[in-house]
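Several structures are given next for inspection.
Two complexes, one shared chain (subunit A), two partners (subunit B, subunit C).
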Partner chain A sequence: MIYNLFIFSKDNKCLYYYEWNRPLKADSLDYEKENLSGLLIAICDFVSKISPIKPSFFKSYSTSSYKLHYYESLSGFRMAILTDPTTGDLTDSLEYIYGELFTNYVMKNPLYEIGQEIKSQKFIYELDLYISKLPFFK
Partner chain B sequence: MVVYSLYIINKSGGVIYTYFNQKASPQTKSNANANLSIGSVFHSLFTMATTISPVQNSSGIQVLEANNFTLHCLLTVTGTKFFVITDPSHPDPQALLQQIYELYCDDILKNPFYDLEQPIYRHDKTFVLKLQEMIEK
Partner chain C sequence: MSVSESIWSLLLNEFVNYVVSSVSEPSEPTKEENNEDFINDPEDQKKITKAKLSNAGYQIGQKLADRYTKDRSRFREQVDIIRFLCKDFWTLLFGKNVDNLKTNHRGMWIIRDENFRPLRNLSFPFDGKNLKKFDLNENQIQIVQRFLYFPCGLIRGALSALGIDADVDVHCSLIPACEFTVISKESN
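Coming up: the complex of A and B.
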């Protein structure tokens, strides 16, 4: 089951947030976005420090009730999807969202200013369509 | 199948023991200060992970995956954390953690000269030898 998705820019601003089957609503969404952004920076730094073989990058972590999948593009955009803990590897889906949807409908949009929140209807529509078609969506 | 390292963290986030498998990664130098900070950082990441949970009553980080290693964590009822860094192909790191926990209870906690929450002495030969055998087999 897919709970929610975050996209962060290079300077740690949340560009896009959407939730699907989230059971527990957030008390304060702004607070949660900042918290997650900080957590991801700390985890990436931690992973590069403890890694026995270099280079290494962070992929996912899981707790008893959710799993966080992470993808970072070379240009510094960072994406996180939260799912239930039984979901397998989501790297391919995240790569598709970045490579096909984000670059085509956001970065190639001449009206989009880098660092602003994503309001492109086409992107939002295509992303929702793609996510809801995934086999482990429900 | 390789286990790279083991950390034991007390309930307040202090590192009480670290073990590095020299056979698996001889280039890793054990730097006491760096190890202390790694343990404490993990302690806080563990807690932060519960605050962003979309589901009620989440535990902390149990498994962390990177492209070339995985980290498995065991939180005991007394708050002590054990975590091992292994190769992604390791069959059952949770069982290994459980064995290490049992060894810790038998050889460290039952020792009347051991002060709770304090670092484990390196000259505790029986513990170190048994641990080495467990990790490097």
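Coming up: the complex of A and C.
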């Protein structure tokens, strides 16, 4: 099951948040966004540093009740999706969301300026359509 | 030769935004000199934006028509020119054929494109009501029009270079579809 999704900009601003299933509501969403962004930066930095073989990239972590999938673009946009812990690898889906939906309907939208929150209806619509069609959505 | 689709759509977007802001906001030095280039009336601003974008398109359209027809055989009738516009020219510029072409056989053509490239990525902020409803309000239609003045100019320029002196107008009520009306000035 897919719970929710965050998109962060390079400078740690949360550009987009959406929740599909979330029984336990956040106490403060702003606090949660800010902390998650900080946590992800720290994890990415740390996992790479302690890697015994060669630099490695953070992909996901899981707890007893959820799993966080992470994707970072080369230009510094970062995405996190929370799902139930049994969900497999989501790298392909995250790459699709970034490569097809985000670049086309956000970056190429003439009305979007870099750094703004994402409000484009087309993006929100296409994202919702894509996520709700994934086999492990429910 | 092909050009990256991204660069051309991003460039067009910036070009439109640049012209719009250059008309509606005076730059610093002109403010001081009290330059008469600065226009206060929104209707005039709209007209000047339209003229600037459409003229730029006109120039480019004329030149492109030369470039794109260099290996073709001669056009016999007006309809050949229109056919060229809707197939070859449209494909080269917008990546597809037009979806529908209507004519009254007296110098008027209506060209419809259901997925017009310059509008493909345009999207307004979601108003929080119905995600599946993409209807535009009056103000949004005005904004969409801005991105169509340049393509209108391109078509007018190409037709003019090939021998049809025409007025080209465009209407969009649901992105990314739009309808161009071409009226030949010789028809009357």
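Simple rule for what comes next: the second predicted complex is superposed on the first by the 138 of 138 C-alpha atoms of A that agree within 3 Å, B and C clash if a C-alpha of one lies under 4 Å from a C-alpha of the other, contacts with A are read in each partner's own complex, and residues count from 1 in each chain.
Heads up, the rule we're going with is that a residue touches a chain if its C-beta (ideal position, glycine included) is under 8 Å from a C-beta of that chain, and two chains touch if they have at least 3 such contacts.
This structure is a prediction, so every number in the text was calculated from the model and none was measured.
Trainee: Looking at subunit A, which partner touches more of its residues: subunit C or subunit B?
Mentor: The partner that reaches more residues of subunit A in the superposed model: B.
Trainee: In the complex formed with subunit B, which residues of subunit A make contact?
Mentor: 3-4, 19, 22-24, 26, 32, 35-36, 38-39, 42-43, 46-47, 49-53, 56-66, 68, 82, 84
Trainee: Write out the stretch or stretches of subunit B touching subunit A in their complex.
Mentor: 4-5, 24-25, 28, 34, 38, 41-42, 44-45, 48-69, 71, 85
Trainee: Mind listing the subunit C positions that touch subunit A in their complex?
Mentor: Interface residues on the subunit C side: 6, 9-10, 12-13, 16-17, 121-127, 131-132, 134, 143, 147.
Trainee: Along subunit A, where are the residues that touch subunit C in the complex?
Mentor: 104-105, 108-111, 119-125, 128
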